[in-house]
Amino acid sequence: MSQFQEKTQIIRIERFASDIVRLTLDSPDITSLAQPGQFVMVRTGNSNDPLLRRPFSISQTSNGKHFQILFKVVGRGTSLLAHCREGEYLSILGPLGQGFRVDCQRTHCLVGGGMGIAPLLFLGKYLSRKCTSNPPLVILGARTREELDPLVNDFNELGLSVHSATDDGTLGHHGLVTDVLKGLDLGPNCQAYVCGPHPMMAAVHLLCKDRGYACQVSMETSMACGMGACLGCIVPVERGGYAHACCDGPVFDAKELLWQVK
Amino acid sequence: MASQVNGVDLRVSIGTLSLRNPVMTASGTFGYAREFMPYVNLHRLGAVVVKGISLEPRSGNPPPRIVETSAGMLNAIGLENVGVERFISDKMASLQGIPVPVFVNILGDTLDEYKEIAARLAGVQGVSGIEVNISCPNVKKGGVAFGTVPEMAAAVTSAVKAESTVPVVVKLSPNVTDISAIARSVEDAGADAVSLINTLIGMAIDSRSRRPRLANVIGGLSGPAIKPVALRMVYQVAQAVSIPVIGIGGIETAEDVVEFMLAGATAVQIGTANFVNPRASEDAVEGLAHYVAEQKLGSVRELIGGLILP
Amino acid sequence: MASQVNGVDLRVSIGTLSLRNPVMTASGTFGYAREFMPYVNLHRLGAVVVKGISLEPRSGNPPPRIVETSAGMLNAIGLENVGVERFISDKMASLQGIPVPVFVNILGDTLDEYKEIAARLAGVQGVSGIEVNISCPNVKKGGVAFGTVPEMAAAVTSAVKAESTVPVVVKLSPNVTDISAIARSVEDAGADAVSLINTLIGMAIDSRSRRPRLANVIGGLSGPAIKPVALRMVYQVAQAVSIPVIGIGGIETAEDVVEFMLAGATAVQIGTANFVNPRASEDAVEGLAHYVAEQKLGSVRELIGGLILP
Amino acid sequence: MSQFQEKTQIIRIERFASDIVRLTLDSPDITSLAQPGQFVMVRTGNSNDPLLRRPFSISQTSNGKHFQILFKVVGRGTSLLAHCREGEYLSILGPLGQGFRVDCQRTHCLVGGGMGIAPLLFLGKYLSRKCTSNPPLVILGARTREELDPLVNDFNELGLSVHSATDDGTLGHHGLVTDVLKGLDLGPNCQAYVCGPHPMMAAVHLLCKDRGYACQVSMETSMACGMGACLGCIVPVERGGYAHACCDGPVFDAKELLWQVK
């Protein structure tokens, strides 16, 4: 297992919407090893408050040297990160976890909601290069156009067209990504890759189960270490007990998990 | 840097065990050491303590198990572990490859369970020492933690000691009125050393959802927030007993290690800091060597209890 | 903002005393209130608790008395105060001008001292309540703190209660194995309410000079670092007694106030946060009013013990 | 007592030497009330670590709108402050404490060491404007020229000449400010104003006592609140017991204090 703890330089900061930021970090070591679906643990400050690192998906890589994280400001850690300056250094652990498992024989459908879109960009690029014969279908949802637009652009630049859905109808379908997914026939050989809010992933999983699609989901949990040491990051599994999102996941086969759908 | 580290005498002893240096890793924060190999040269450490092992496997508490607090964190892992049998069959092989002493942290619900686990571990190759976690509730005594009643703490110590062929360290709970009294009673019962502190019992609530932030409602507080309490307890216990004291609680850096040793610790354990900086333990060893060299001490042992009072 | 605050029912009761809102200031962190007048509209607060008063004047500990720790601070003020006589003659006049209830925090070395101070304060105009600090060492019992032994805690409570004409709040020490047992014993002895927690005993060392950072060696840990421990103890005590519980420990914001109330507190005290933000108490009142309005609660009292368990 | 808790904007950052920084803050309220020798309490970050405010002398004021603090980076708080950017806001409490007491009938001698020079600049300006008939004599000491030069310049701009002393002899006298003071005859009517390291203040106090000069010193202590509430900031006084540096001081008549000279 090759992982690194590195001081990586921030070489670019992009701000989408008011609370969505993308950082491009310089790290050949992490970048060259990263697989779609893996994540990094980031120190967001230099003091003991906040104390713990924060997990972020690796959202894209380029030139084997740079990788990106894309995040929404939701609390103190992300707010500190959002205030960083280009040229500053961040302490990063990674790449961590088990990413998406890809089989080019299948048809691929990427379903992302909100910041769950982050890892799908990396996956989309990977699939469009590796499985050239069957480019993935992409369905993305977000609150509003402002949030989704730059990400849709990135997919378009990869040559992938996107089915969009927004909560407020400002872009694409006015509603949920599951509505969009329901309206598409993807054939029995479909592999869905899903990342987003838990209820969305649960809904997509049920839909896939119904239709006989395979479904991989990327799970968010509270993580202290990101590397299998604290046992904090559990997700209940179908066969009983728990799996650990940071080392058994974050990407799981949806049918191995226990879904407590209410 | 490495050159300065060499030649500095950092050795300390815990019972019959000699450690290369006083920096250990704390139970439950260093996995089975394997996880830290990408970051740490394990042979640079004093010793490794593995996650608590119980007689039967435990799946632990439901999520969420972890919540961050100011300069600390609460955990309610619920002692998830594979049980002593699978520990011996599955985990020991890789632990045997580790070039430093390995302490196995054990826990139980009853005196008999402690005794039984100790018996199973006796003679297992690669087990250099036992650390007894006595912060667990005694189910036969209505859930009162073993570590809060001197007699119960002593009973667990004797039971484990009777079965063990390696040094037995008893890990004390800080959630008590008089930790020195507990320390003395486990010393009398034959403990080769005491380690302290385990986590402080704490709680966190989400004001929006009006729910506890941990599924288990309460959890154990660790990290820099608790360091002042840990340091005070180590200072008190070191004065109360004559066996070695292993200091634990919020240790992040070599300076912290020095502080705990001045307060009376013979060795220390680094816990939560491993999550923030997986190299924390090795960094602390390096920093400690520099400190000892710079302060021109004959050995790191001169620090133990070396606090200068006003 | 003020308009939203108006019309929200924030009243709570401590014994026979009705408070405008649950936000009090903690003893030793708000001077004699006068110091905060440039920053706080005192009449917006629930109540004020003044610095601990002893029978005789005390000059307190030598410096340094204060040291910062991760998300907290240690203090060893040593209970510096002017003594009860000068308190009544010099300080009461300005306190009488304060438009909210004033609690006088008292402390002693012996049972008789507590009794005597309470007697002197009885009937003094402007004293709305007594808060009894039982974290002090009992000199007649070899320095064991009153607050660590149920019988001693009960004895202090009865002694003070017998002399007092105003509600008596007993302030509990967190440095105990079972804080609920202490709380029950002071309830049985007649306490009108309990407040908790006082500071955790801690220590800090300077690794360079090898000396304690406080002249007194040990001190009391306060601030956000201790909030999880305080919240847990409030939760436990609120289940153990039926008198009101006043929550203290690391409270900085209205969210913190809500958390303590959900855990079972009827009121709260803000301590260390006053040093960081002298307006913390008034800000918390405002924030609390907004919370109650936004959550469409009939009154703030609906929060008390309103934690939703998993 | 008028004091304020304010968000003040940083309008200028100057870096002297590698570890000495001067911030100019915009605050008409605090500036217009400030007296020489008073101080402010500054929040150095937004998190709980470091938790407490840090005390800094008011080092100069201008236009009744701006005041300055001058500090050396010695730990986390000062290092955070040193990393601030122009345009950012800092939370400040002030003005606090009892400043220097001035009697224009006297001859004035300012003795500053290291960062103790900070409040003397404000005092020098005040004296040179208020007591025009007898401009103060100024003696300043520091480790090295780099550290002292910009401050000497500031005094020169006020029209005051400075006797310098440096530990390394790179500017002025090679040695201590007390050596310089010893060599000067200031007459019986002299009032010394001293701020600097404790041993230096103790030495100047003894010298003044010998010669019959009056002597005011500005004391540094650990402070949690800066406003008389925590009782942390004590200094032992001659008559027994303690005074509180934040509200009885920080400026004291040296002979009222208990000097534990070793």
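When the chains are written out, they are named A, B, C and D in that same order, and each has its own residue count from 1.
Going forward, a residue touches a chain if its C-beta (ideal position, glycine included) is under 8 Å from a C-beta of that chain, and two chains touch if they have at least 3 such contacts.
Small disclaimer: the values here were computed from a predicted structure and weren't measured.
Farthest from subunit C in terms of Cα centroid separation is A.
Taking C-D and A-C together, the chain pair joined by more C-beta contacts is C-D. Subunit C and subunit D have centres, each the mean of its CA atoms, that are 36 Å apart.
Measuring from the averaged C-alpha position of subunit A to that of subunit D gives a distance of 54 Å. Chain geometry summary: the mean Cα position of subunit B and that of subunit D are 47 Å apart.
Counting partners per residue, subunit D has 48-50 as the residues that reach two or more other chains.
In subunit B, 62, 70-72, 223-225 are the positions where the chain touches two or more neighbouring chains simultaneously.
Contacts between chains leave no pair untouched here, as each chain touches all the others.
Residues 70-71, 224 of subunit C touch subunit A in their complex.
Only residues 28-31, 35-39, 51, 59-60, 62-68, 70-73, 75, 77, 80, 223-225, 252, 272, 274-279 of subunit B touch subunit A when the two sit together in their complex. Within the complex, the subunit A residues that touch subunit D are 45, 47-50, 76. Put simply, subunit D touches subunit B in their complex at residues 48-49. Interface residues of subunit C, counted against subunit B in their complex, comprise 62, 69-72, 74, 148, 175-178, 200-205, 207, 209-212, 215, 217-218, 221, 223-229, 231-232, 235, 250, 255-256, 258-259, 262-263, 291, 306-310.
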